[in-house]
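You will see subunit A twice below: alongside subunit B first, and alongside subunit C after that.
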Partner chain A sequence: MKYLAKFSLAAAFSLASMTASAADIKVGSVAGVTGPIAELVAPILAGRNLAAEHVNAQGGLLQGDTMKMVVADSACDPKAGVDAGGKVVNIEQVVAIVGASCSGATNGMVQSVTIPAGVVSVSDSATAPSITDLKDNDLVYRVAPSDSYQGRALASHVLASGIKKVAVTYATDDYNAGLAEVFAREFKNMGGTVTANQAHEPKKASYRGELATLAKGGPEALALFAYYGSSGITIIRNSIENGLFGKFYAADGMFDKSVIEQIGADVLRGNIDISQSSSDYDDVSYKLFAAAISAKGVNPKAPYAAHGYDATFLMALAIEKAGSADRGKIAAALRSVSKGPGEVIRPGEWAKAKKLISEGKDVNYEGATGIVDFDENGDVSGIYGINTIGADGNWQTKLLK
Partner chain B sequence: MEQFYGYFLYLISLATMGGIYAILTLGLNIQWGFTGLFNVGIAGFFAIGAYVSAILTTAPSIRHLGGYQMPYAVSFIAAMLVSACIAWAVGKVCLRLRTDYLAIATIGIAEIFRLILKNETWATNGPRGVSMIPKPFETLPEPWNQLCFLALVILTVFVIYLALEVAHKSPWGRVMTAIRENEIAAKAAGKNVERFRMQGFIFGCMLMALAGAYTAHYLKFIDPNATEPLTTTFLVWVMLIVGGSANNRGAVLGAFAMWTVWSASEILASRLPDELAIRTAYIRIFLIGFVLQIFLQKYPKGFLSETRPHPRAARTPGYSEPE
Partner chain C sequence: MIEFANFYLIPGILLGSIYALGAIGITLTFGILRFANFAHGESMTLGAYISFTLVQMTGLHPLMVMPISMVLTIVVLLFIDRYFYRPFRKSHAIMLVMASFGMMLMIRSVIQFFWGVQVKTILPGIQMPIVFFDTLRLSPKHIMIIISAIVLMLAVHFLLSRTKIGKAMRAMADSPELARLTGIDTEHVIRTTWVVGGALGVASGVFLAIDTHVETMMGFNLLLPMFASAILGGIGRPYGAMAGGLIIGLTEELSSYPWIGTEPLLNPGYKAGIAFIIMVGMLIWRPTGLFKGKV
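Showing the complex of A and B:
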């Protein structure tokens, strides 16, 4: 017990002596350092730290203050997320948070800690649709697109390719059902007609009955939300064999080589479009980021590394725009720096942004992951590609603009 | 000033989680400390409690079963009752097994429950978890909402502690100790060993479910990751062993002490340079194992060792307390 007392005394002293020096502005960097996604976290943190490094190397925040990223471990576990969030908010007194990793840890952390405390957070890897629904007082943002955005992206692609009437079918799992729901709603809102919308049980031997029902009402194509192995391929085969549907639109659950192998490239060419979350590797913003992070020996295509950079850079812009390290003002400034009007700022262009903001001008960050414009829910729409079958019989990806 | 207010808020959250762990360790103390049941399936009963209470109290949602919006008292009791029924069924099958076999059986059963909760997406939203769980007192202003929730947890720990102290000293508690120390002798004394073991198992599992329910409301979110065995089974075992098995005060002390070590060690770690800070996250996990080793080797009785229950002297004239 004596040792314990000594230890806690020592800990208390070191805490008191180590609190922030005057020129640090602390931002929480909450990530699943341990736990199931541990191996993904190192590049994400590298992305975050690179952004902070760019800021500090080009004049720092506000009056030349250092942007200091305080790491805390959310372990991909809501319990740890709440604990880590509490520590950075209360002990470290951070002005804002980048993180957490994983939807679960983010969900717990924001609901239990940061929303009540009035601290704004930007997650770089939480994709669960439920985060959109939170009553968050405009404090929860993310640069990773919600899974359900793909439904919207696909809906606009279908209309853009001239199809006005579709039938919708989806496998009865959370992911595909969620996507189909968003797709059907958005397709109608954009002026399309959904002639039928029906769930199907995966892993059945035949779907002829379901397809016959779906084909009524004159749909021009079938929007198919399923996993290729458990029902998708069977549905396409049944449709073609029975002449019920010839044109298919699908989401990334169908994106696999076996679809081509089992149905045949010639039959499907021009008749199937599959959406999939992607990144625009030809974009100038992405290239700026990729060059900078490659110099650090980190793969720029590592999952969510670019998202980590964008989240941190946006937070720095929000602090600069707020003009002070005040939590409320930063939260209020975040959305405006993410989108127009204003001059476009790209990864690494901190000095330019700092000058513009000091002149009272608006800035609009366009990051490594896309234009990252926050909508009213604090979500971004992300970038999606459409896969079609090329002349060589393989999938070909074209970005949706 | 703000800094000290921050420390104050952190202490509240530290004590809240510590209190929830104290409920878990007290539950395990009934099973291991009193009765000698080697339950390594704490995570399973914790998860059952968390999900039952979450589903009963949340608003309607397209993502999971819910919309019952029951009061907290009902959901807490329901969580304990469901856990008790499942514990009874598990106990029927497993409790005849001896210590190490019981451990294997319970760890398997806990994983089965966790996998069911992870895969029955219609009820639990699967890996995505149940969100927007209401939290008691959340409408109060800061910091009163947190203080009131803490008060609820501490009050619960205190009531359970008092009840277990009475139970430990009662004839029931003494039979439990007898079973733990020498099952055959207890049987020879005419005690229905199976029934007593079942009771100990069920009571322990009910407390674990209550801790799960509190956790779900405290986090306002529950998913399969929150019921990982590392932090809901093994950490609880370490807490009980460090605090002092078969001693209720030890169980509570162990829970608060180990949770403080687990949580607060990161505050020091986060002050190191980045590269090291990431590595120290793993050292914290190592630290828990290390503490366990030290205690098992050097202080196997923990901080506070067991105090044997004995009948009260006043009841029998001429009887003197054994020294």
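Showing the complex of A and C:
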């Protein structure tokens, strides 16, 4: 009898604590808050938080629960990615994860933490082709298109601008190495010449030696695959100061204002083209997102901010569709909310989605970045833009069609 | 040949001077306070950030404001020593090493809190090099850094060999017990060690900032090559640290010169491994280093 009393007391307590904690549903928000792309991450986090805000303002998750984004810093580094994943999965006990930001951090986090733990993750900015082939038990998704597409888009843009011979250099990490490989292969297939293709170690004080070797063989431009904060800016500075390269092609890891601020708009104007995963700015979904985030004082065209919104909104839909904050059920529901059949849901339309799901109907999210339909690898296809420096000294985006 | 000087030799000397200045601080703390100071890289970062702020406020050249940032950084270091390291003075060395590791994380977080994590630049824009004899390219900022580094190293030499406190420092590095017996004020020597190590660390951080940019991981990224320099030169030997720094800097840069054929001898992606290899090799075959340091 005594045992029974104790048992029922304990049960009552745990029940009470369950209903109390059910008011918050924690979703991990893993991002490179510090590290070489810190500036890029701030608008991405703003995008994620805006989606959570929309959810919470329009009825919240499930029984009116709050979607709580728990931020952890993956520092754009595989080791820090594992730590951040461990923190949100094991300590914070999140039901699912949005992130991580960089491909290396994402690879580390999913392989060591989230796949073994059975937690589903949607990255908004990990683009390395290697993530496609992960043995992930259908747990790793991303709304950022794979760099197999970006490498090809950039290669054809380089050739289209009349450059036939390039030297390629890339930082030794998953994102940059993967992208460089695709770019070099596609560039050669399209008839271009790669005079040299060399890795470089990020975070060094100087790259003069590497650049001197790369400049041999008469390349017309440097295809630079690096994060701006760990080697990209230094390489551009060393190249220009030593007269080794004057023209640069780069990908979204370099797309930040600090490149212009540190090197100078006048030196770079007309000499740097940066590809970037972009959105169709005339699309109705994008416009809904852009209006909402502009109201927060965040530039809607900031790289991957729209992806951050879409990843978080999709995760909220998956939780709602799963009908409970159960890790396994959320993973199973994610793909179905991303694509048809079902009624189209656009950014900000949480109340509508919630009502449809409660009526047992299917929904199909079409986000700020495009139709975001997850394929069997958890990937989406993408749209790219090319950024150049405009007359006002800011980046100007032109869509690649 | 001229390419060798422009793109390998001069950057090597430059990088070597930066390593050397940082390594002196590490080797002095190791010799006199008997622990590997992991927070040394962070004092470099702090110095660079303080200089950055002073440059923003005054508009002066970073070298002009460097003495002020040295003083401010040293004040911080002395405060840390008094309240964080001194209570551990009598404990086992590993406690101090761990304390300095914690200090490293704390200083870095404080820097990130106040200045943010964005990459900043202390001298914005592009500075074109001066071309000598039509071929030799020397950037004014590099000439300035190398000359300043030489001046600072000469100052350290003068301090250690000609002044009373310098001799006391060397005595304490050789044998702390004997130094205490001869009446040397050990706490005074320890404070001086922080002053000298801190000032050189700030100089090294500011030079690196002038050559590249200011960011919160800049000092930490130099920690490994600086430790390698200190070990190569012989732990506790300031002259060894200078030589070690130059050798590591030069080896790193020269390793990717196309010595044979047209390809780099070593893929530049592995440059950072050079310092590691030298450090491990020295520890195995000659742990006392070039200048017969402590084991």
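FYI, the second predicted complex is superposed on the first by the 231 of 401 C-alpha atoms of A that agree within 3 Å, B and C clash if a C-alpha of one lies under 4 Å from a C-alpha of the other, contacts with A are read in each partner's own complex, and residues count from 1 in each chain.
The definition used in the following text is that a residue touches a chain if its C-beta (ideal position, glycine included) is under 8 Å from a C-beta of that chain, and two chains touch if they have at least 3 such contacts.
Treat the numbers as computed from the prediction; the structure is a model and nothing was measured.
With both structures placed on the common chain, the touch criterion links A:Leu179 to neither subunit B nor subunit C. In the superposed pair of complexes, A:Val380 makes contact with neither subunit B nor subunit C. By the touch criterion defined above, A:Gly108 reaches subunit B but does not reach subunit C.
Between subunit B and subunit C, B touches the greater number of residues of subunit A. In the superposition on chain A, contact is made by A:Glu39 with subunit C only, not with subunit B.
Residue contacts after overlaying the shared chain place A:Val71 against subunit B, while subunit C stays out of touching range. Touched by subunit B in one complex and by subunit C in the other are residues 33-36 of subunit A.
The touching residues of subunit A, counted against subunit C in their complex, run 33-36, 38-39, 172, 198-201, 203-213, 216, 228-229, 233-234, 237, 240-243, 258, 261-264, 267. Of all the residues in subunit A, the ones that touch subunit B in their complex are 1, 4, 11, 14-15, 18-19, 33-36, 41-42, 45, 49, 69-73, 76-80, 82-84, 86-93, 102-105, 107-108, 111-113, 116-117, 128-131, 133-135, 173-174, 178, 181. Across the interface of their complex, subunit A is touched by residues 2-3, 6-7, 9-10, 13, 17, 62-63, 121, 125-126, 128-129, 131-132, 135, 138, 142, 145, 215, 218-223, 225-226, 228, 231, 257, 263-264, 266-268, 270-271, 274, 277-278, 281-282, 284-285, 303 of subunit B. Of all residues in subunit C, those touching subunit A in their complex are 3, 6-8, 11, 14-15, 18, 112, 116-119, 121, 124-129, 137, 139, 208, 211-213, 215-217, 221-222, 253-254, 256-258, 262-264, 267-272.
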